[in-house]
Amino acid sequence: MMTIFDFEKPINELESAIAELRQLATEKGLDRSREIAELEAQRERLLKQIFAHLRPWDKVLLARHPKRPYALDYIRLMCEQFLELHGDRLGFDDPAIVGGLAKLGGYKLVVIGQQKGRDLKERQKRNFAMAKPEGYRKAMRLFRLAEKFRLPVLTLVDTPAADPGVESESRGISEAIAQSMRTMFELTVPTVAVIIGEGGSGGAIALAAANRVLMLEHAIYSVIPPEGCAAILYRDPNKAPQAADALKLTAESALELGLIDLVIPEPLGAAHRDPQTTALSVRSAVLQQLDELSQMEPDALREHRYQRFRRIGVYEAV
Amino acid sequence: MQRRAAVQANAEQWVQCAKCKKILFRPDFERGMRVCPHCGHHHRLRARERILLTVDPDTFRETDADLRPADPLNFPDYAEKLQKGAAASGENEAIITGTAMLGGYEIIIGAMDFGFMGGSMGSVVGEKVARCFERGAERRLPVILFCASGGARMQEGLLSLMQMAKTTAAVGKLHRAGMPYIAVFTDPTMAGVLASFASLADVILAEPGAMVGFAGQRVAAQASVGKPPANFQTAEFQHEHGMIDLIVPRKQLRPTLAYLLEMFLPEEAHAR
Amino acid sequence: MMTIFDFEKPINELESAIAELRQLATEKGLDRSREIAELEAQRERLLKQIFAHLRPWDKVLLARHPKRPYALDYIRLMCEQFLELHGDRLGFDDPAIVGGLAKLGGYKLVVIGQQKGRDLKERQKRNFAMAKPEGYRKAMRLFRLAEKFRLPVLTLVDTPAADPGVESESRGISEAIAQSMRTMFELTVPTVAVIIGEGGSGGAIALAAANRVLMLEHAIYSVIPPEGCAAILYRDPNKAPQAADALKLTAESALELGLIDLVIPEPLGAAHRDPQTTALSVRSAVLQQLDELSQMEPDALREHRYQRFRRIGVYEAV
Amino acid sequence: MQRRAAVQANAEQWVQCAKCKKILFRPDFERGMRVCPHCGHHHRLRARERILLTVDPDTFRETDADLRPADPLNFPDYAEKLQKGAAASGENEAIITGTAMLGGYEIIIGAMDFGFMGGSMGSVVGEKVARCFERGAERRLPVILFCASGGARMQEGLLSLMQMAKTTAAVGKLHRAGMPYIAVFTDPTMAGVLASFASLADVILAEPGAMVGFAGQRVAAQASVGKPPANFQTAEFQHEHGMIDLIVPRKQLRPTLAYLLEMFLPEEAHAR
């Protein structure tokens, strides 16, 4: 499946033309390097032009892009080693959340991510990264493992929302989200969260109560999906683009509001055009956070995390 | 003028049950704490009424009444909605907090008001809730919260979502101080409030028939195979599924809370 | 439903005769007090005679007697006040285990019991006191509540076994039993367990890792049901009485082996002939344990409990 | 005499896979750690073989080999069963414990032997397991246990049941010392062992196809509505249900254990 968004169309056309020329050159042994270079320069200009003027709604589409790297892609590209662990020890193992023990730079850590599926089958298996209670309870088990063995925690957030179905409700999805945050707040090891794609409301913040919260440049983070917001605000889900504007759900806005600590730049054309480079950027950003946080004492880490969230809120006192 | 007031007074003497539609005599209805004597339906209470019905007489002292919502995102229609909410509820925000006595124990108490923008949690609600827990931890007082909320307040965007984390963190402070936290789920207790501080109480009580759930009913049904059960997302459903300790009729709430305080607090905590 | 065991038959016949005489006396206004007194003396002699020579298998039948008081009966008869709490906060509430906050003597405590059903409907609802994982997880939640508020814990053990069904297996019944014991061992408040009826293997010890373990005189406590043992040992479940002998499952044997701390005597004719008196005996035994344990410091209580179980075992060293 | 030995040697050169029934050349079979090259079936290993296949060469030092079972209940046929178990397994009890190195890390290791009375846990097994955890806590060493057991040992009555509590308590000691405990479920890991120390490991690995469950299959089926799934009470079933971290083929066990030790232990713990 290929999904080409409106604003990506001209770029994709150029990319097709370049690919054709390259193939032609290889097949016929002709030198088309000048034409190729020209088209590539054109592509570069076009990308810059388009990506300089992305609206929030474009970011929503990019964050949901079916070719965007997912949690396990980042883990594979960033970590030297990774061993996935399974199960909430309460009867379930939720494939929408993956977690395990990884080596990253000089660090040994617990990595937990929300995992979307690439093809239809995997997408269904992963429930579109909409975690059930057992997903958060698996995460909690791994948080406690991290605490016991003094391992820093990295979470990779990418979910449209927590699973809202009857089954999840019956097993306490709300409680699971709340307990997951609570467990993160109790940790005395360094914790870093990276919003890599969709930071979808409660389902996202359940894994993002960290000492440092980073966002990829084209990721989004929102209290409600723009479609849902539009349905309430304009009684019209098609007005999601306007809602996306109103919600201030981009990394830029979140940084301005002081709600995240760092925006990790993506390669020109967004993460899916160059997962490798993106992963390296995430890696070095995470390592820098870990270097800083590792200087802090266990109790100070917990208090730092408390204060980080405690001060959030805008109100007046009369 | 006099005549018009009389007509109004007359009309206001009667009220219709929202469930069984029977006509009730308002003074009786109010004396019965807005529980329908015919069908037992628990009608919603104003936050302030709730507190006054719960605590020992003349002991409630409001705190943080000076906090007012801002409009940090300049969100469409938010300013207007805030005004309407204030007019409808008579309050400045969706929660009232303070200190009081209950059964002779000093407590921190909070009650949400669904009439103010659906009891939604923005920065002010988050701040007031967090202060309840912090104050409880500092002063070594128990915290009792009456929840009534549709969830996070969309109009403050990500700031609202962050209040889930902020209030959750504050619960941890109270917990480490060894102080009790009792939540009462009233109609409705949903979404961002249920998925944060509300679900983390030591003991969770709920009023009969209260809506309690994560997503809206429509979303839940769409996301599921098969039909939701008839009592889906009611207090009774959540009780069956182990998320609520007890369903307590409004009349028994006060003695139940007093018993819990007695069980959890040392004898010295009781006022002489 | 009436269940009269072989050894109870002559007693029951006498009791019927006495009841008939009483009715006759009332209806006709005749004085039959001498005959009644004589029959009662006879009943007393017979009871003494029979109960002086109970075999282990008789105790099995008494422990399972359908009129034997159950956990909620004891709670009602022993406690000044009781508020039942519900739910494991993970999606389930198991009626096979009840628990809540009680006042007993001068104490405020958490009481947890395995609850059988009196009639068919309740028996099914309570699953014959065979707890599922959620039952033990509810107990664990209440243990943690007790720890937080420094409340002593009393458990009333009465189960044929933990639920062995597919559903329980799929939600981790073994893990739940192990974690329940582990949680009990972590507590730093006084804990007392009373085996009031059937102490059925893992399902029982899951709630019996306490500082003091008491047994009612006619309760049993066994690693395997005698029927199961007979099936293995004699390839014949009907030889359960022999197996009951071999297993040493009576309170007397458990005390001799040093595995329990006290046998609480039952009224003549066993608990079901006088629940009130039995409950008062349990009450005073429990209060005595609490008085003693309350003298100990929190850490000492945990270590005492550890050592209590640590020393159990009979082996040789060559 | 010589001739007879030769015939025996010949017969012993071949072995039949317990699952696919193919005939296998014994030296290959042993080199392949008793995993059938055709169907992948993991045949049971003796406790001592297991340890030697797992630890760094020549590093295993057995502990508590002097403990011997008693017959405290004078239980019918127990003495005889103990003799048979010893003959069948070549061991004195159903578990072997000791210290060793694994991937350069000093560890406490134990392995149960199903050949000795079905790997059942009586006083000796309970004592040796408890000592593993206590020793790990004291000496600050990780504990690795290979489970293989039908459950508690009926022949020691209530004493056996108490070993569940005793070993569970000892896990707590190791946990509070911050030391890792890794369990490996091998065929079979059942009942009283699964419902005590086995399920409490920080990380739980299992061999493919191992039977893992609480009650016997027959009991479980009787107690249930509907038919158990085809893989009921296998390692794979428990993995699906969140009770086992990873199913690890025998060949990959050693590197997986070494990686876990590296992750959980400080660098100083690695032998130079």
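As written, the chain order gives the labels A, B, C and D, with residue 1 at the start of each chain.
To be clear about the criterion, a residue touches a chain if its C-beta (ideal position, glycine included) is under 8 Å from a C-beta of that chain, and two chains touch if they have at least 3 such contacts.
Note that the structure is a prediction, hence the values are computed from the model and not measured.
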A-D or C-D - the one linked by more C-beta pairs in contact: C-D
Taking CA centroids for every chain, report which one is farthest away from chain A. C
Computed distance of Cα centres, chain D from chain C, in Å: 34
Rounded to the nearest Å, the gap separating the Cα centres of chain B and chain C is 41
Rounded to the nearest Å, the gap separating the Cα centres of chain A and chain C is 54
Set of chain C residues in contact with two or more other chains: 89-91, 170-172, 175
Residue numbers of chain B (touch at least two other chains): 199, 241-243
Per the touch rule above, enumerate the chain pairs that touch, sorted by label. A-B, A-C, A-D, B-C, C-D
Contact residues on chain D for chain A in the complex? 175, 178, 180, 199, 202-203, 239-246, 256, 259-260, 262-264
Listed in rising order, chain C residues that touch chain B in their complex are 81, 83-93, 101, 108, 134, 138, 145, 148-149, 151
Which stretch or stretches of chain C touch chain A in the complex? 89-91, 133, 137, 170-172, 175
For chain A, which residues are in contact with chain B within the complex? 130, 161-175, 177-179, 181-182, 185-186, 201-202, 204-206, 208-209, 221-224, 229, 232-233, 246-249, 253-254, 257, 259, 305-306, 309-310, 312-318
Please output the residues of chain B touching chain A within their complex, sorted ascending. 66-70, 72-73, 75-77, 122-124, 126-127, 130, 152-154, 156-166, 168-173, 191-192, 194-200, 213-216, 219-221, 223-224, 226, 228-229, 232-233, 237, 241-243
